[in-house]
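When the chains are written out, they are named A, B and C in that same order, and each has its own residue count from 1.
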Amino acid sequence: MKMIANRLLELVLFLLVLSFISFAFMKLAPGDPVRYMLNIDDVAVSEERIEELREELGFNEPIIVQYGLWLVRFFQFDLGISYMTQQPVTQELAEKLPATLILTFCSVVIMTLISVPVGSLSALYKNKMIDQVSRLFALIGASVPSFWLGLLLIQWFSVKLGWLPSMGSDSILHLILPSVTLGVAMAAVYVRLLRSSLLESLNQDFVISAKARGLSSFRIFWFHALRHSMVPVITIFGVSLGSLLGGTVIIEVLFSYPGIGKLVVDAIVRRDYPVIQGYILFMGLFVAVINILVDLSYRYLDPEIRLKEGGST
Amino acid sequence: MKQIIVHKPIFLIGGMLILVLTFAAAISFIVPYDPLHVNMKERLLPAGAGHILGTDHLGRDIFSRIIAGAKTTVGTGLLILGAAVVIGVPAGLISGYAGGRFDRIFMRIIDAFMAFPDYIVAIVLSGLLGPGMLNLIFAIVMVKWVGYARLVRGTVLSQKQKDYIILAKINGLGPMRILWKHMMPHVAGNVLVLATLDLGKVILMIAALSYIGLGAQPPAPEWGAMLNDGKAFFYHKPELMIIPGVCIMLVVLLSNLAGDFLRDHYDVKSQKGGQ
Amino acid sequence: MLLSMNGLSIYHKKRCIVDKVSLALAYGEWHAVAGESGSGKSVTALSIAGLLPNELSAEGSIFYEGIDLLTFSHKKMRLLRGKKISYIFQDYQGSFTPFMTIGSQFDEMLCTHTDLPKKARQTKALLSLEEVGLPPERTFCSYPFQLSGGQVQRAAIAMATMLQPKLIIADEPTTALDSITATAVLQLLKKRQSETGCGVLFITHDLRTVKKYSDTVSVMQYGRIVETGRPHHVLAKPKHEYTKQLVSALPPLCNVPVRLGREALKEGLK
């Protein structure tokens, strides 16, 4: 419990620092957002109008005051209004988030479906044919740019064969190509990771002891070795859940998939600062929460950590 | 013993780098066309006599653009890694060796950086700074230096307690000399392995960010940006996206292989095994 | 004979690690195999129940109650392990899977070898823990890292003897323990042996334990057995050069005059 409280405190501090840094960065960044806002319609605007809007948005105050005002609004869950769509940023993010989460979830499922069997077979038949093939897959998979893989899949499955749609997110069919692209790219990493982790586990003394007790190799593999090798895999998975969200950005743009990744890239191109800032804070929160959850999941996988902490509090 | 282990891969990597650089330098002489030269009369030509790999939608020679792109993509990748090493290694050495409060604060900063996934920081940073190659370089360096600082710090911490360092201190060696003479050999190998493995990732990142329009700006030849250009035409002319993609893949594959090789030859852990 | 090895050789690729070892163990006998580390005694022990790592291969024959174990199928061999032949290993941390409770591992083993209902399995596990002098309920619910080294080795003995196997192979079970705990563990093993009447193949590098517990002893060097016989015989009048070295390397603990120690202590107190 104490650990969770500590982590939450850290989280709040972290978000404060993050928000300040991103705020400062944005103020220092080149390009005048006011001009961007007014230039959307490509109509010439007077300097007066620009100055008026500047005043309205509070851009003429000192940075620290601006930050303070922004912070007050932040705690009321008000992240400002998108320059582009004139919608509240919170609402924009909330609308786009489910699509990204669904995509992430599907690609993790595909990744697991590929990497657990392939990685296990690879470790069990070390240096045999199947191992060589899966290692080749892992090596190539780690070297292929994911967006290129996506382009090839689009070329093949939607342009040539016309089986699957390539753009948008109207039906479940739209999910297939993007999540396969992401899933395959990730699986390459996890096949390799699981293989090496399993090989290490299978060499542990406790596996030999379990064998000496006459347990079946099925039982030894699933209940003893695999679980032991999951600890490093879960660690890496947790750490990379964030970068998975980074990876979806590229794929969302590629497939014109309306998630928060595409939202932020559009915002970056148009200098829609409130949206960018909202995205940064949201991601910070998300990644930090994930990290806490990963820590908690160790405590399940490794009773030694759980009991030690239980004893100390 | 240590000397041999340290030097062999340095020669190997040095050789590889020299090879890449001479290749790029040599090839820029034989590039048949200006990679930026637009010729609307020769749009989307197939591979053949005049143009080895054909031309793109603006009539630019693809082969010339690929070669120029190699310099942009691989060259930028090496530049980024160089910068990351130059910032990260001293930071890690000092933090690990100095220890104490300084080290604790430093670790906090590193943890905060590490908490964020590479791609998001790079996207957000280059987004805040605006699209463009220089901003992209800055953004990726900011992401990558942390890894080196952390690695070096870890190595220094693990070596600091060893008897031979304590002996060196007792014998009156100054901190600079200890760091340089005794720490660097341990650090150098690890950094080399990490840098080689990172090269592929950095190249992928440059290409991906250029692809979504945050890195190289048109008309600059860059493999990721070329993919973006070719996307619109890939039904009629799939080479436009296949060629740059294969180039990226091959370079990344090579650096991954080199990284694996180095890691296997360095990592004492993986050499153990067996009995 | 319970176990007899005839000309057993073990190879790592082409290299010979164990060279034509022959050894016999009668029912209820305690046979020690002594030798320095690397002499091939552990590999010999592992080969009996087919536990050799993949890169090692065995030749020759190992007869267990008259059947050659090397010709056994994997499945038949597996059902033999733990039920008829049990192992106790050196590294107590590796005796049990670290993230499972001791109880669940007992249960797992009983599931494999018997078809007792859940309740009976638990009773049996608790009983065997009690027999080795551990608090049964508490140990049953503990994880291996919550027990001390000696307790883990006791639990390992409990598990090894639970199904009353005819043969227990103990591969340096006390090497990782301090000497007081080690003595207690060995005495426990001896007690369990006399209670169940099983044969013990005891791998060790410590000649003192050989003298005290074993009925017969083989001395191993460079993958060969150089001398076999009754311990008092072999140790008192070693024939082979290597055995002589081993015996002379024994610290003469039993001859330390006790009074000397006490007087020195008194001197120190003044």
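The criterion applied here is as follows: contacts are C-beta pairs under 8 Å (C-beta built on N, C-alpha and C of every residue); 3 or more make two chains touch, one makes a residue touch a chain.
For reference, the UniProt names are A = Nickel import system permease protein NikB; B = Nickel ABC transporter permease subunit NikC; C = Dipeptide/oligopeptide/nickel ABC transporter ATP-binding protein.
The model shown is predicted, which means the values in this text are computed figures rather than measured ones.
**Student:** Based on CA centres, what chain would you say lies at the far end from chain B?
**Tutor:** C
**Student:** Of the chain pairs A-B and A-C, which one is connected by the greater count of C-beta contacts?
**Tutor:** Answer to which pair has more contacts is A-B.
**Student:** How far is the middle of chain A from the middle of chain C, if each middle is the mean of its Cα atoms, in Å?
**Tutor:** The mean C-alpha positions of chain A and chain C differ by 51 Å.
**Student:** So, what's the distance in Å between the C-alpha centres of chain B and chain A?
**Tutor:** 22
**Student:** Multi-chain contacts in chain A: which residues touch at least two other chains?
**Tutor:** Touching at least two other chains: none.
**Student:** Quick one: in the complex, what on chain A touches chain C?
**Tutor:** Touch list, chain A to chain C: 204-206, 208-217, 219, 223-224, 227-228, 301-304, 307.
**Student:** Taking the touch rule as given, give the residues of chain B at its contact with chain A in the complex, in rising order.
**Tutor:** For chain B paired with chain A, touching residues are 112, 115-120, 122-131, 200, 204, 207-208, 211-214, 224, 227, 231, 234-235, 238, 241, 245, 248-250, 252-253, 256-257, 273.
**Student:** For a test of understanding, state which residues of chain A touch chain B in their complex under the given definition.
**Tutor:** 14, 17-18, 22, 25-26, 29-31, 139-140, 142-148, 151-152, 155, 159, 203, 240, 242-247, 249-250, 253-254, 264-265, 267-269, 271, 276, 279-280, 283-284, 287-288, 291
**Student:** In the complex of these two chains, what residues of chain C are touching chain A?
**Tutor:** Listed in rising order, the residues of chain C that touch chain A are 49, 51, 78-83, 86-87, 89, 91, 93-100, 105, 108-109, 112-113, 143, 145-146, 159.
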